[in-house]
Amino acid sequence: MMVNSENRKANKFNTKGNWFVIIVIVSFLLFPLVIKNDYIIDVAFFFGIYTLLGLSLNIVLGEVGLFDLGHMGFAAIGAYTTAILNTTFGIPVLVLIPVSAIAAAIFAYLVCSPIIHLKGDYLCIVTIGMGEIIRLTLLNNPFGLTGGPNGVFGICFPSIGNLLVIDSCVKFYYYIWIIIGLTVIALIRLQNSRIGRAWNYVREDVIAAEASGIDVRYYKLLAFVIGAALAGVAGNIYATKLMIVSPESFTFMESCLLFCIVLIGGMGSIPGVFIGAAAISFFPEIFQAFAQYRMLIFGAVMVIMMMFRPGGAWPRQRGKIQTESIIIRAEKSEI
Amino acid sequence: MKLIVEQLLNGLTIGSFYSLIALGYSMVYGVMKLINFAHGDFFTFGSYLGYTLLVMGTAFATSTLGVWGGMIAAMLVAAIGSGTLGILVERIAYRPIYPTGRLPAVVSALGASIFIQNSIMVIWGARPHAYTSEVVPDYIMNIFGLRINLLQIIILALSFFLMGVLYYVIQKTTFGAAIRASALDRETAALMGINIKLIIFFIFALGPALGGTAGVMVGIYYRKISFIMGWNYGLKAFTATILGGIGNIHGAMIGGLILGVLEMLGSTYVSTAYKDVFVFLVLILVLIFRPTGILGEKIAEKV
Amino acid sequence: MTEKNDIILETKKLTKRFGGLIAVNQFDLEVTRGKISSIIGPNGAGKTTVFNVITSIYQPDDGEYYFKGEKLFGLKPHQILTKGIARTFQNIRLFPNMTCLENVMAGQHARSDSGIWHSIFRAPSQMKEEKKIREIAEMRLEQVGLSGYKHELAKNIAYGSQRMLEIARALASNPSLLILDEPSSGLNDKETEDLMGFLDNLLIDDLTLLLIEHDMNVVMGISDWVTVMDEGKKIAEGKPKEIYHNPTVIEAYLGKEEEED
Amino acid sequence: MNRIKLILIVIVILSVCLSINVLAQQAPIVIGLQTPLTGSEAIEGEMASRSVETAARMVNEKGGVLGGRMIKIEVVDDACQPRAGALAAMKLVSMREVVASISTYGSSVTQPASDIYEKFKKVNIAYGATGTGLSERGLKYFFRTCGRTDTQGIFFAEEVVPYFGAKKVAIMHDNTSFALGLAEETRNALLAAKTADLVYFDAITPGESDYTVPLTKLRETNPDLFYFTGYFPEAGLIVRQARQIGIDATFVGGDAAINEDFKRIAGLEYAAGCYQTQEALIQHFTNPEAMEFKAKYQEVYGDLPSSPWPVYAADALMVLAEAIDKSGSTDSDVLVDYLKNKMVEYPSITGPIGFDEKGDRVGTGINLYKVNADGSDSIVQR
């Protein structure tokens, strides 16, 4: 009896949540059909890029609490991997998505393993340094690979043979939002697994986590590796959309903006990332009307947002919803 | 030999600018545990204030006060202006936020930084400005075959003097002891009757004031100032702070000087283009082996 | 004395220095399986340091220690838990922004092994494992009497409950040795009494307990064996009654405490 | 509660986007200007928008185009960033009333933007993008009123070096797209022409204050001629610091290096006697169009653009207005045909303008300028 009523409550809660999710998904799907303005669709596409990058940083910063202010560096690795392999060997960019992810992940593993023991702000400056090292190296055109300040251009559109070529704004919009949809499902599942919990334990209290049998070093590295892989995917899409990659897309300022996305939304909160990314990508466009005042207003808005919602616009809700739903699904699958 | 001496001197000069800015980062971090990303922009603001007084008000400043008096007046104005701005930013952008944790304050600090930087652009215009030669003349001397700018020596001496004064205040006076106590444990310090509000006021006035002074020095020495330079200097000074060990005063001073010299060595002996790569690599290597910086104390976490 | 194979944990000449200070000096300890052992001593005697060495948070400068006859050396703290040693902390260390249930589920982490891909694709084995983790956690919460709070954030429950939650988390890893660091600190007399009763009951599950206390009256009632530490050294050991009347202990330990007052 | 708020926020954001877009129908002819108004190159954007506004006034005061329709400028900020540039281009092509675009400053920003204009068939004229590769991609709608870096490189190697009789040349750039391009083209031209030895070729980092270390290295190579291809803020510092550490080689700047700000930063005592390879500085034009432009610009803003690029943006507007007026159409294909085939030596602000098949400007002359002791410039070699 007890269990039943609990389940029912959880179900009720879930249906309410589900309705909201369905509305969001439908509005995202219908958006380009209703708004037939390529500029707005492109703004929504770059909102998607920031969402994907925000989700990837959210793993490192939000879930594990590691200060990473060089995250754009990982995206740069992914973008340049795609650009170089596509332009020199003509490998299709869709094939290069996993390649970019793996390249960024391997890079993150190699760079982060010696520094993963650093605490808080010390880790922060090391990630800043890492991001700057990547950017400066790309700028200096090592081995004639990266094209220096000009970057690499002539990257192809994503395509499956001649069946489907993603070349218009609308197609790019669906392309990125479908990838985000899949990513969100995977990330929610990770959040509700022992891995997601282990990340949170590390964020909450490192020593208690270790004493509870959590391999802190492993989980910190895992977060960096997965975060970097996801950023690498975002870099790939970014490169194919702009058809050019150049170092000024991966500056320290961009990494700072990603940091803000996670904090504006709320640490470790997936819906929060959407809100943060929306703020970061829409505000500068809305403020276009103010010409050279636009970044000034943007800065002020950032301060004001933190004044009113210091914990983030949509902090992660803990409690029944996630644990209950798992058990219900587990029971269903057993039946 | 001549080359090395010249480069060391240049490295120390730029390093002393980093140190002065780094002190602001370090003091604020020590007490508030907050990375004040807007700090580099206080530096730019000071530089522009000094420019306004010296260049736009040349008739007044240099004629009534003389060349040297004008420069000192510019530094004072910059220090007071940046200090005031620092207090304002603390009141508006940080104070309402830091009770809820240090991370939201980072976003607020970034927002403040973007705001100040773009305000400077709107007020003074986007084009870079220059401290003109009427107000900051060169005095080039020839010592043992070395060409040395007198201004460089004076700037070095002045920044060492400022650092010395700050060191004395923090390490030897009762007020300094109060600051250090607040840095160790803010709650306990407050219970012991230390006026935390006064301390915060002081560090948010003094840090930017030092930064603003450094801004004028940069203008006097290099002449060119631009509204985005705070970002670059701020990042370097933050690196210096961490390199020395954040939260302690001598760490910031030493860190800045080491960073300045490293930059010069890197660009002389490694590569000009890869200079910053070299600097960050050294920083990372130092942190791998000394996780809390060169002079940082080992943090033994209480279990 | 008990037989050798009944010793679950043994330290030999354990030494730990911090700079010039010798926190633990040539410390020998034997913990008997299935009993409650206690280390007592005044504040600063080095009790917590012994625990931190045993749980690998610190590496010892000298000496060695054995668990179930196996020498433990150079392990990471998280590996200690998999060996079967769980612990609590003197100043409670929970995961404050997570629910009580999630806190207790931490204990089962090392006893499960689903990887990323299993979690992303919700493999049946992973679902089954999640269910098991949750059931064990709920069982342990029930055991400490906190099932009503399972969806509350850990930071929002009462101090006494937080201490019990920490014990539940340690128990959730099904340890064979549970180390409790001053479990009664901050609790009132009633809570302390309840706690001691609870600990006594735990022995039914083939569990060994090792306690730290600085207030010797608390542990006298339930301890089977008491070791007294002062200034990093063992000064006495024996049954509670013997310790209670041991003149060295009274002089070195109680005498000191009166001085402090 | 949170969700309701969120939905409200989304609605507000969307409606703002829409309302910006659905501007009232304009009777004037709208021409887009994509330019950096914020960020590190904000100064160029500020001057470009002023220059284009000035040129628009020139056209409008003569009665506009197509029988009295006024020219209106729609300015969009691209912050000198490829991503923001792509968005800015999208914003302009999505505005139906915008018939053509002046876009933009910086080759790496122009690249993705011009791809977008090409896709949506909008004429786009770059005014500060000299990268050689830009016009080699077979784009139909891409034009530029500025020159290409390779012509300047050849001019340096074949004209400037013999003029000074230099034997050893040092080239320094700042690793930006433009400066590196010019430096590399110059190196290639120098190697081909074999007029002098290249003793130094290296980059500095822009935005810093202290360049004594690379300059000390340069001093050790003892060049006669020192060519800096970067921008004026660094050029000013470099000349001053070079002279202070005892480099007395003749300093020649690329066409972004020397302007009024350069003279203020370096100080006139060091700036005097420096040279510059320059396409066209507005100060030196005396043709009626340029005189009118200068007068109108000074009337409103008090000074003159301190770099050559903004004037090319004004040129672009003049060219577009002429093409619209003469062809009688705002259709992109008609405009392309007019610009490429029918426009010959149209007298614009920086002299006669025409375009070749690739969209490059025909007939840009490069000059060698000298900074005189009183701060004025004079042409010493054409």
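A few points about this structure:
We call the chains A, B, C and D, going by the order they appear; numbering starts again at 1 in every chain.
Following the convention adopted for this analysis, contacts are C-beta pairs under 8 Å (C-beta built on N, C-alpha and C of every residue); 3 or more make two chains touch, one makes a residue touch a chain.
Source: prediction; values computed, not measured.
Summarising the inter-chain layout, the chain whose CA centre lies farthest from the centre of chain A is C. Of all chains shown, A has the CA centroid lying nearest to the centroid of every protein CA atom. Chain centres here are Cα means. That of chain A falls 34 Å from that of chain B.
Measuring from the averaged C-alpha position of chain A to that of chain D gives a distance of 36 Å.
A separation of 40 Å divides the Cα centre of chain A from that of chain C. Distance from the chain C centre to the chain D centre is 72 Å, each centre being the mean of its Cα atoms.
Touching two or more other chains at once are residues 38-39, 42, 45-46, 175, 203 of chain D. Contact of a single residue of chain A with at least two other chains is seen at positions 139-140, 207, 292, 295. The residues of chain B that reach two or more other chains are 118, 121, 126, 273, 276, 303, listed in rising order. Every residue of chain B that touches chain D in the complex is listed here, in rising order: 3, 6-7, 10, 13-14, 118, 121, 125-130, 132-133, 138, 140, 147, 149, 218, 221-224, 226, 228-229, 232, 264, 267-268, 272-273, 275-276.
Interface of chain C with chain A (complex): residues 55, 57, 76-78, 80-82, 86-87, 89, 93-99, 101-102, 105-112, 114-116, 119-122, 124, 126-131, 133-134, 151, 153, 169-170, 173.
The part of chain D that touches chain B in the complex is made up of residues 38-40, 42-43, 45-46, 175, 202-205, 207-210, 212-214, 216-217, 233, 236-237, 240, 244-246, 261, 264-265, 267-269, 306.
Listing the residues of chain A that touch chain C in their complex gives 186, 189-190, 193-198, 200-201, 204-205, 207-217, 222, 226, 318-320, 323, 326-327, 329-331, 333-334.
Every residue of chain D that touches chain A in the complex is listed here, in rising order: 2-3, 6, 9-10, 13-14, 16-18, 20-21, 37-39, 42, 45-46, 75-77, 80-84, 86-87, 90-91, 93-95, 107-108, 111-112, 115, 120, 131, 133, 175-177, 180-181, 203.
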